[in-house]
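Note that the chains are named A, B, C and D in the order they appear, and that numbering of residues resets to 1 at the start of each chain.
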Amino acid sequence: MSLDVAKIKRDFPLLSRKVRHDLPLLYLDSGATSQKPIKVIEAESDFYRFHNSAVHRGAHLIAEEATDIYEGARAKIAHFIGAESVDEVIFTKSATESINLLAYSLGQARPNSPVSLKPGDSIVVSELEHHANLIPWQELAKRTGASLRWFPATEDGRLDLREIEQIIDSSTKIVALTHQSNVTGAITPLSSLLDRAKAVGAITVIDACQSVPHFPVDVQKLGIDFLAFSGHKMVGPTGIGLLWGRKSLLEELPPFLFGGSMVTSVSMSDATFAPVPRKFEAGVPNMAGAAGLGAAVDYLQSIGMDAIHNHELSLTEYALAKLQEIEGLTLIGPGESSDRGAVFSFTLDGIHPHDVGQALDDRGIAVRTGHHCAWPLMKKFGITGTTRATFYLYNSLEDVDRLVEGIDETQRFFTSRGL
Amino acid sequence: MSLDVAKIKRDFPLLSRKVRHDLPLLYLDSGATSQKPIKVIEAESDFYRFHNSAVHRGAHLIAEEATDIYEGARAKIAHFIGAESVDEVIFTKSATESINLLAYSLGQARPNSPVSLKPGDSIVVSELEHHANLIPWQELAKRTGASLRWFPATEDGRLDLREIEQIIDSSTKIVALTHQSNVTGAITPLSSLLDRAKAVGAITVIDACQSVPHFPVDVQKLGIDFLAFSGHKMVGPTGIGLLWGRKSLLEELPPFLFGGSMVTSVSMSDATFAPVPRKFEAGVPNMAGAAGLGAAVDYLQSIGMDAIHNHELSLTEYALAKLQEIEGLTLIGPGESSDRGAVFSFTLDGIHPHDVGQALDDRGIAVRTGHHCAWPLMKKFGITGTTRATFYLYNSLEDVDRLVEGIDETQRFFTSRGL
Amino acid sequence: MVNLESLYQELILDHYKNPLNKGLASDSSVSVHHVNPSCGDEVDLNLIVAGQQIVSVTWDGVGCSISQASTSVLSDLVRGKSAPEALRIIEAFSEVMASKGSNGGDPDLLGDAVAFAGVSRYPARIKCALLGWMALKDAMVQAKVIG
Amino acid sequence: MVNLESLYQELILDHYKNPLNKGLASDSSVSVHHVNPSCGDEVDLNLIVAGQQIVSVTWDGVGCSISQASTSVLSDLVRGKSAPEALRIIEAFSEVMASKGSNGGDPDLLGDAVAFAGVSRYPARIKCALLGWMALKDAMVQAKVIG
């Protein structure tokens, strides 16, 4: 175990919370949202205390400071994901907005543009997608007359790529896939997919909500076109998300939200739009959120993304072994640790996930239950939901033990009552 | 002067900042973004320290707490603006997003819906609009074939309503107007406008960015259909905005952003959507922002919106008298204090606004210069920009004096150099 | 502080294990289908009325112990009641659920349903407890026995 | 700490009051129009080249003292220079502007333009100082005298 988890835990105030029956909290819901280190919390409050002012607008000192912080955060993120230029990084409110921005903008592209869609074209997703990387494409398909296709999921919750040649074909304009499933933890093997997408000339969009926080992601090395992720899952603030895109494509796309700071000139009946990234950032942005996100990137880099990844790999190996020993537990996701993250969805025979979550909560263990915004995947597996425990840099092997003990007690509680 | 400004100033940490030449900051840029009281800053950081968790999703204690805080903030805002139901309040990232949400959603309404637009219909705005309440409607007009019409501005920066019967006519489907101009400070006399809009059956959208922070606004008393405003201009956090809408209309409108938490069911090819407000809140929202905004509403109510309004009225009377005494100063906006806020745009003979702003900044006075995202209004007045000083609850009569002195010194600095 | 034992009372788990009126009657005055979108739990409910009277409530569905047991209790409780009586029961139960633990419910009115009072301390579970009840209310509106 | 006096040097205000080459020549090799969208300042610039040589730069526009004066200085500075020389000057000036006060500029290369070095401490004004310079660079690209 390479990370000093006890030390890291102290950086996160919430992790010392007491919960029900005065038990110390065990937070295993980082897949939904991560906790925040003091430095991130302070970066936000320091912004308000010392530098708060509208960026790009004021002609005064604190407006300059605010602009430096905001643009500094953009530069940190660009560097963090290996972007070629800071102009390729767009601040949104969430990964959900990032993907919707793209879907709306693509839907409004000039008819003869290389990125526009028409009937006969196809958009490719997968059964593993979070609703945020599914419904925007359903809607885009409906608006443009394009068809929606998808990769099925395998029994162990990975992408089934056997039909890749049929699913991604010459009609395919967009391939939008999750980088790591938020339900099964499966990491998508991008290289063959990207090769195929490139061969047919499709744009590739990667939902990196569950990858960027957990392992090194380099957009240039990957060779993708767009990447969407959320600040709040990577120890950053809520209300800030990111869209990275290849500059040439961003330049080709029309704006999404219209308003202040994204124009070059405006008359009563018309407007022309600023170069990227400004074109996509209408209005006063989440400046404190950007300040906090910059601090989050600093924090993750101070630990090291490789170290975080290795730590999670150890947790995964340990947890997989322990969980698969539990009788009556069915793991929804790969049983081996290769190409998967520390996300563990499971069902317990005879006990509904909601009841499992309740029993764990009673023991101070915070997990998530339900469909995890991946309803089609639940239907595929013939279930209504799972219990999901997700681990992050501040979780230890002992946390796995406590979870396993909690599951054990949950089973005993309900089976002793005849379930 | 009813407010204890010295006491209020102490609530806002940034206002004790020192700026250039170690001078105390005089912040006169609240029209761009307001400063934040400690209680708001702490509400955000306390959210992260103690309650951070994904709302509406987790089955555990802190998820319950987070949901309570988030929905509690919604209830506070609903009460603050006199909404009939909490379900009518939608969290967005900014007023800009609120208005775009509406414009996109209206553009996607079912063809036979009472809110849908078609060629021959008209949308009415004004020359006083901020780009955020202009360009989204330009785009909607282009997408639907509707035409855009506008009220001109009068010489003193108010709405020119003389042609009201021609501008709002039976073709008019939407009337979208600013409640208070961010350039001239003019407050829109809504009642005759709303009467006329109702008479022709048009939907009314009010841009309340500069009204809700400054005087009591009650959506039911006004009798409007939609209201958009931003948290960051009302002593709240950045990255959170609001859209209030009549429930029956919100129910009629299709969703805008698609993703998690806004569905009732999802298959690979289709989705059905949750009731309002959830339908319009896809993804993990700005939860800390909502916490901070709830605290902002509490703060404003603890001072009292009537008291704030009266305070600003005194400031306005005093400032108008002082500013209009200055030789070579042209006020862009009403010269009398009735129906206007404490927003003072002006030009100085022979000195460009940017140079004025720079000279004031050198004296520790933070103002804004430029077109203030109201470019058409600048063109109307034949100028490229103004210098704008905006006052809020934490500004005093002495602040007016210091501004006037700063203007005086600015004029002396440049005229002594031959300008 | 409620604990797990007091939340999952024997009565609740008994109804969960042996639900009453589960399995849809082949005929019905009104059929409804309700979903709890946050967890995916579903209930189908068939209501048979005669005039203003509830003749039977049968149901089927998937869900947690709370949602299944509370639908079971409900289906038994309202059988034979008049529509206004049933509505009073549903409203009383909704009030208990909204009470954050402060309202234990009137056993004369709610019968076995008072066993669910502890659920009101867990906001995320209230929707589970109400799933069948909201489905019945909807069915009664559709059957036009309430307004 | 720079003060107002050192920012608004006499030379800058002189150029502002009496700008050089202001008023567009009636002919041009290339005409461009640039805007600073954050303040609305505008410049029109006519470039005349002969082969690789800049024959004249005339301009018109509205803007603050910094943008007007720096365009005036520029128009004088590049007249008669070869395109590569002019580009070197523009790039050197851009570097001064990006230096946050640390680079005063080479007077041999930049002439009067070194008076603008103080602007680089005010990020919001850098775009003002560069408005005409970016317009000229654009015009040179369009005139195909630089790549």
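One rule holds in what follows: a contact is a pair of C-beta atoms (placed from the backbone, for glycine too) under 8 Å apart; a residue touches a chain by one contact, two chains touch by 3 or more.
Since the structure is predicted, the reported quantities are computational estimates derived from the model, not experimental observations.
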Per Cα centroids, the chain farthest from chain A: D
Approximate Å spacing (C-alpha centroids) for the pair chain A, chain D: 45
Chain B and chain D, separation of their C-alpha mean positions in angstrom: 37
Euclidean distance of C-alpha centroids - chain C vs chain D, Å: 77
Sites on chain A at which at least two other chains make contact: 20, 57-59, 63, 261, 263, 265, 354, 358, 369-370, 375
In chain D, residues with contacts to at least two other chains: 38, 122, 125
Contacting chain pairs - touch in the sense defined above: A-B, A-C, A-D, B-C, B-D
Chain C-facing residues of chain B, complex: 56-59, 63-64, 67-68, 261, 263-265, 274
Chain C to chain B touching residues, read off their complex: 35, 37-38, 122-125
Residue ranges of chain D in contact with chain B within the complex: 1, 3-4, 7-8, 10, 13, 16-17, 38-42, 62-67, 122, 125, 128
In the complex with chain A, residue positions of chain B that touch it: 13-14, 17, 19-20, 25, 27, 29, 32-33, 35-36, 40-42, 44-45, 48-54, 57-63, 93-97, 99-100, 103-104, 127, 130-132, 134-136, 138-139, 148, 150, 230, 232, 237-240, 256-261, 263, 265-271, 282-289, 354, 357-358, 360-361, 365-370, 373, 375-376, 379
Chain A residues within the chain C interface of the complex: 20-21, 352-355, 358-359, 362, 369-371, 375, 378, 384-385, 413-414, 417-419
